[in-house]
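Chain lettering (A, B, C, D and E) follows the sequence in which the chains are written, and residue indices restart at 1 in each chain.
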């Protein structure tokens, strides 16, 4: 690859640099701040494009690798790279950030500078998480993200923002401390923080189980899996639009990404053994998250709960341990990022006008904001898995994978498509159809700055829906490699178990 | 004979220390304390530590306790005599102190030293206690001695600073 | 010959009486005196040990303890005086502005 | 033959054209792109038909759609006899409806939107029928569902309309749930989703069974039944029929196109298309037939007493779809598709006529407030009469041929079950004739019962509306002539006896006829007779003795009420599905699980820590002695415990 | 006397001399800040001589090794930062006296002696030198009743604890006939455990536990920290604590190292108790000084894990932790001091409301310190590195469960640290905006601490190497 700059470091640190640079801008020069943020986020996306164009899809090896010693005393390295599983998330993060900058343009009115600084810092940390190949580095990024997110929710959020922010913070924090312990134990066992090396290790089964659950705590909270999900509705609901979008589009993906990148290759036997539990929890999340949506009266809260349901599909896909499920799960993450991100953007657009998230305050919006209604419809349809749109591809693959793994799981997961259609269409009806609510009769239609993010996301909605191969092809080799690792367990205990049960 | 001396001194020391603790009037406490220190000095004599006995009397009884006495008298304490001596939960605290005492007693019973140094009684008597002590103090223990002098310096600075009336604002 | 542990026993009794006084008396000066009692308990034990071990280090330590006690007394009493100027009480349980 | 791609692409182009430019630029001219596109599709379809007639069929993949592991599915097209028939039906009816709508929707503010949706629908439906694999079928399947949803809720500001749209979508999702699983089962069984390999491999899977929750289930039967779930939903069969009557909230042309002629028949099309799978499972076939028969009767009984002109037709549609399933269920796929084809014409016609009536009546749908419209709208009356005769199965109208063939095929063989189905079908035919003419009589005959204002306003519809009616009227009369049963052809000497069945044979096969011709003639006569009886009774009730229906309704109040309220199916669903879900969600999930249990723990632990902190804090009394005591106590406890431990 | 024998003592001697100099200087100058400046300069000189000081003096009574040197650097930093904090603060508190700086220097000298003590007598005297100076400093604002109260409490309990220390020394002296720590170690290793020995270990543990504020011997700490002048609170929470750790570590690992199996159990219980008490009560606090006091108690609970682990790994983790803790804690106090102005206490949590609005930079720094103090789950601050190293050592020693407990308490601590952040960033200021009393020296202190906290967080290698080398 002949690229004149270290791509990954650039996309990780350019936003951070931009953020720090913005600290120097005067507090009153808000438009300078906004344009700077837009400039840096756009530049990041542009500079990340080689990841898309130059990516070698024929190898599972890490690409764009950069490796430098960092803390030699502990053998910590600055070690980044991407493979087919992570590369898309880097791109998605870069894209979503731009949209967040755009969507916050007028809706953030106080502490503007701080907001955009936080946003750019988050971007750097998010991308860092997806690139890190060193556990220490990974953990740094993983947690570093919390701080700006905590501030974004807590400072620019809704009325109950403080509660939501602290809840978000403590939830994720409590989860990740167990992972930290796990990381240290792994380090002491393997003598390195290098994820790739650790992934080659053969740990005894019992240890794998302990570590699996330690990592589970961190990832399951982030995903969030039932019953660790209650931070999510609060956080999503109270966060400002950009916060919700980032949460939904990227942040909660990290949990699922963690399962893929760490739990499966590091603890293949434990993961295999725990498949029934994970599948069970996923199915519960799908159905539970969906049903709960029926009782929601708050737009964002409803979408937040729908995320619980959707992320159930993701974890389901991952733990089917077959290529359809797993690729479906990964694609589902991307899709969910696009769709739910877009839905939160949409909600933000009307929230800016009405300052209400209550569904009852809306109605007949389709007459007032027809273009907007069209976009919302598109994303709603994508969300409920209409074939031809992106949601369908991943949903179908996941259910297929689930069915392959365990029929009942597939069947139960498929009920999600009924439930999903139910709550989303009901939502759509209540907001956009029926008679025009007086509250919204005179709000202005959507502007270009608002439409642009939606438009760019809808391009992906169609693209992935009609020609998903562009994205799926990134994953094939890496996923197969991962599956090989998982399906050929490493410890004797596991071999024995597999022998006894006649194979999985 | 020595046992009898010891018995008297020990009994007096215990009795006096209890009196120190129990006296309602701080002035009395200080005075009992003074008496007790003299008995402790007696014990030191019994243990061939004349210099320490002298220090005990001069420094402890003579300087420290007098300081106490000054302060007690300086501060007007009429009220003191009318109110309760002890804090609320004193029986429980007594039990704690007693418990610690019992454990100490049990542990120290039959305590034997496993080490014999060069300073037998004869050696000390030969060199005289003061000289012997001084010799060790100013050779081997010159560093602690210097530190002690700094401590006293700090004490002076601190005491002067804290106790002086406010001169500057 | 008096056994060593008699001295130690005596030292511990004085020490414990000091603890008792420190824990129970309300008057700060008597609490302070109780600490002096504890130090004397220690000193008695030290001198006795020193004597029985035919070693002077214990006595050296006693010397330092006395020196430090003097310094402590000076500072402690100064603190008490400084406080008494602001709040005319000598009862420890009345000096509890900060708690919780 | 690559030009076939134009068939779906032209409407798609029109859709985007209208969607993007419609509001600002095209506006009132929005019918042009859409109508031209569908006309183009029609023309191309005819060209394809000619190709197929000359024996050319086609199955090709365009590009790989999804690939993951061993799963691979393409976007591809299968053009054969069945497809081409559907293409013709879809494009022609669609074209007529497009034309009709120019007049019908003229005043509507959402004009461009309407045409955009229509084009999208046409595209979707064409994709559905031309798919060469299950997943693309599913794509079309869902896409038409979407268009149906959009068009039912076209007047979204009306709550009943938006409700109906939502209901249609969600009820269909229940069917799709099974359909989707069926598709997945197909893949897991055959390792592919393309039709041809699956059909070829189906035979070898015939005897396989799989274990489901401890029960051994025949694999093919399971697949077939799961797939059939989709058909039940889409074709509004019992028990998922509830959405179709409500779908009448949409504009009438939509009802004609989507909810009569094309989309709702997708279920029949699917069963016919997948006949190699269904045929392997007698159980599944029986289920299909039973569902069809039950639906045919069930819907027909409801139609008897409805007053909403469109709802009567809607129930009639459900009932007719039931017919088609009876045919499929007995293996006479050709007959089913034949009925599908004729039905498209006369049912679309019925709806368009109803639309025309409503147009004249200012949107009035209650037949009890009409009457005597015959003289005001002769064209409408004439065409609707033709359609009614056709649906009633009066020869030589189109409906006669197809319905007769179904009844005959159902009867064929004469086993007890088949006789029951045939009788059920015949009974439904009686009811059909009755309610169809009830509609005619109530609407067009007698006195006008509406308001003066309405009366003043009555007029025949404009040309854009009546011309499609006339064309469809011709279809309703003549469409059946390509499937004249052998017995008639032998009598009348017309050649190509049942040409349609022959044409379809390569795809759909043809059941062996066992019974003699005499029986066929008997069945035919009986069915015609019964249709006539139905018409006569309708005449008796609504022309001759107007008071009879009322007194009957009073006499059999309970039954009347039951029928009038559609067997309370909606209410029952509401009671057992919708309400419990809502309550469960609100009180159990949100209230109890999330609210009390999880949040209880989540907030409880910090609260506990807080509470504990507040308690422990009290130890910090600020009292010097108590701090000392704490230290001494700590010392004592450590000493005590240490020595207890050491001494042991 | 051969000069080389006192070579190792050179820094201490210079320190003592310059302290006296400062004291004399105080008499002649009017501008007391100059004395502070002088003290900083002298510390710089002392630090300069440190590298030449390695060795033993007075027959092993005084040891200048990597261990002590590391701690001495903590003390120097502590001193410098405290002096920087104090200059303006003392004026505001109307207690601008030159003795202050001399006492701080004497106190630091005491700490240095403690860190270097190879003999219990030296240790005791160093401790007393440190303690007596600190008692005075705690009560330095004579006219403030709270400062008096702090001094009284600290003094009496401190004297009580040194009596306990003496008793422990007495017993161990009786058992081994020596007060030299390494000789004690040899004797203890030879003789093994006996009940009197255990007794003395416990007494010493309690005495050191008092100095480093281990529960239940911590109870003085919140009151004293709250009442003492804020600059001294910062000073006390770092220096004497670190000195306590230095002595604790030296005595227990050199002297009683061979019996570690017997006393770690007790220490583990104390450590857990400390973390629990510190963190849980801190949640209840509405006064930020007091909250930081409890937090400092909790931090002692973490740092003591290093002693539990023992060995080079544990010790270096502990030292590393204390070093980092010094920066972040003083930094936090610096912000508190910044809020203190004429007629405004600035200690209540309420006073931090909306600080991000009124003084964004101050708020941002406080944010950094708060996150750093939270430590474990929050990289990339120095606090994270400190805790990470510590927990790594703990897990490496096989106490996974202990690490889990510690980490959970660490998460609990996030709650109250975050609350400060929440007050600053998420609530709106009430009433008039707080005026900051920012002086150049305070600014410098803040700058140093902030940069150090972030720099160590991002590039901890030098510090880690230093700590490892020192623990050697």
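Some points to look at:
Assume a residue touches a chain if its C-beta (ideal position, glycine included) is under 8 Å from a C-beta of that chain, and two chains touch if they have at least 3 such contacts.
Everything numeric here is computed off the predicted structure, so don't read it as measured data.
If you take subunit B and subunit E together, the chains in touch with both are C, D.
Number of steps on the shortest path from subunit B to subunit C, with steps defined by chain touch: 1.
Considering every other chain in turn, the ones in contact with both subunit A and subunit C prove to be D, E.
Taking the mean of all protein Cα atoms as the centre, the chain whose own Cα mean lies nearest is A.
Ranked by number of C-beta pairs in contact, the top chain pair is B-C.
Greatest Cα centroid separation from subunit C: this falls to D. Comparing the CA-atom centres of all chains against that of subunit E, the greatest distance is found for D. Per-chain Cα centroids separate subunit D from subunit E by 78 Å. Chain geometry summary: the mean Cα position of subunit C and that of subunit E are 26 Å apart. If you average the Cα atoms of subunit B and of subunit D, the two centres end up 103 Å apart.
If you average the Cα atoms of subunit A and of subunit D, the two centres end up 37 Å apart. For subunit E, residues touching at least two other chains, in rising order: 121, 125, 128, 132, 135-136, 139, 142-143, 151-153, 156, 160, 174, 177-178, 195, 199, 222-223, 284, 415.
Shared interface positions of subunit B, defined as residues touching 2 or more other chains, are 87, 93, 96-97, 100, 103-104, 106-108, 111, 113, 115, 117, 141, 144, 148, 151, 154-155, 158, 161-162.
Counting partner chains per residue, subunit C shows two or more touched chains at residues 8, 15, 18-19, 22-26, 28, 31-32, 49, 53, 55, 57, 60, 64, 68, 71-72, 75, 78-80, 82, 92-93, 95-100. Pairwise, the chains that touch each other are A-D, A-E, B-C, B-D, B-E, C-D, C-E, D-E. Looking at the complex, you find that subunit D touches subunit C at residues 617-618, 620-625, 628-629, 632. Considering their complex, residues 103-104, 106-108, 111, 113-115, 117, 140-144, 147-148, 150-151, 153-155, 157-158, 161-162, 166, 168-169 of subunit B touch subunit E.
In the complex of the two chains, the subunit D residues touching subunit B come out as 623, 625-626, 629, 632-633, 635-636, 639-640, 643. On subunit D, the positions that touch subunit A within their shared complex are 19, 23, 63-71, 135, 138-139, 141-143, 146, 149, 153, 156-159, 161-163, 165-166, 169-170, 173-174, 176-177, 180-181, 184-185, 187-188, 212-213, 581-582, 584-586, 589-590, 593-594, 597-599, 602, 606. Touching subunit D in their complex are the following residues of subunit A: 167, 170-171, 227, 229-231, 288, 291-296, 322-324, 327-328, 364, 366-367, 370, 374, 381, 386-388, 392-393, 396-397, 399-400, 403-404, 407-408, 410-411, 414-415, 417-418, 421-422, 425-426, 429, 432-436, 466-469, 472-473, 476, 480.
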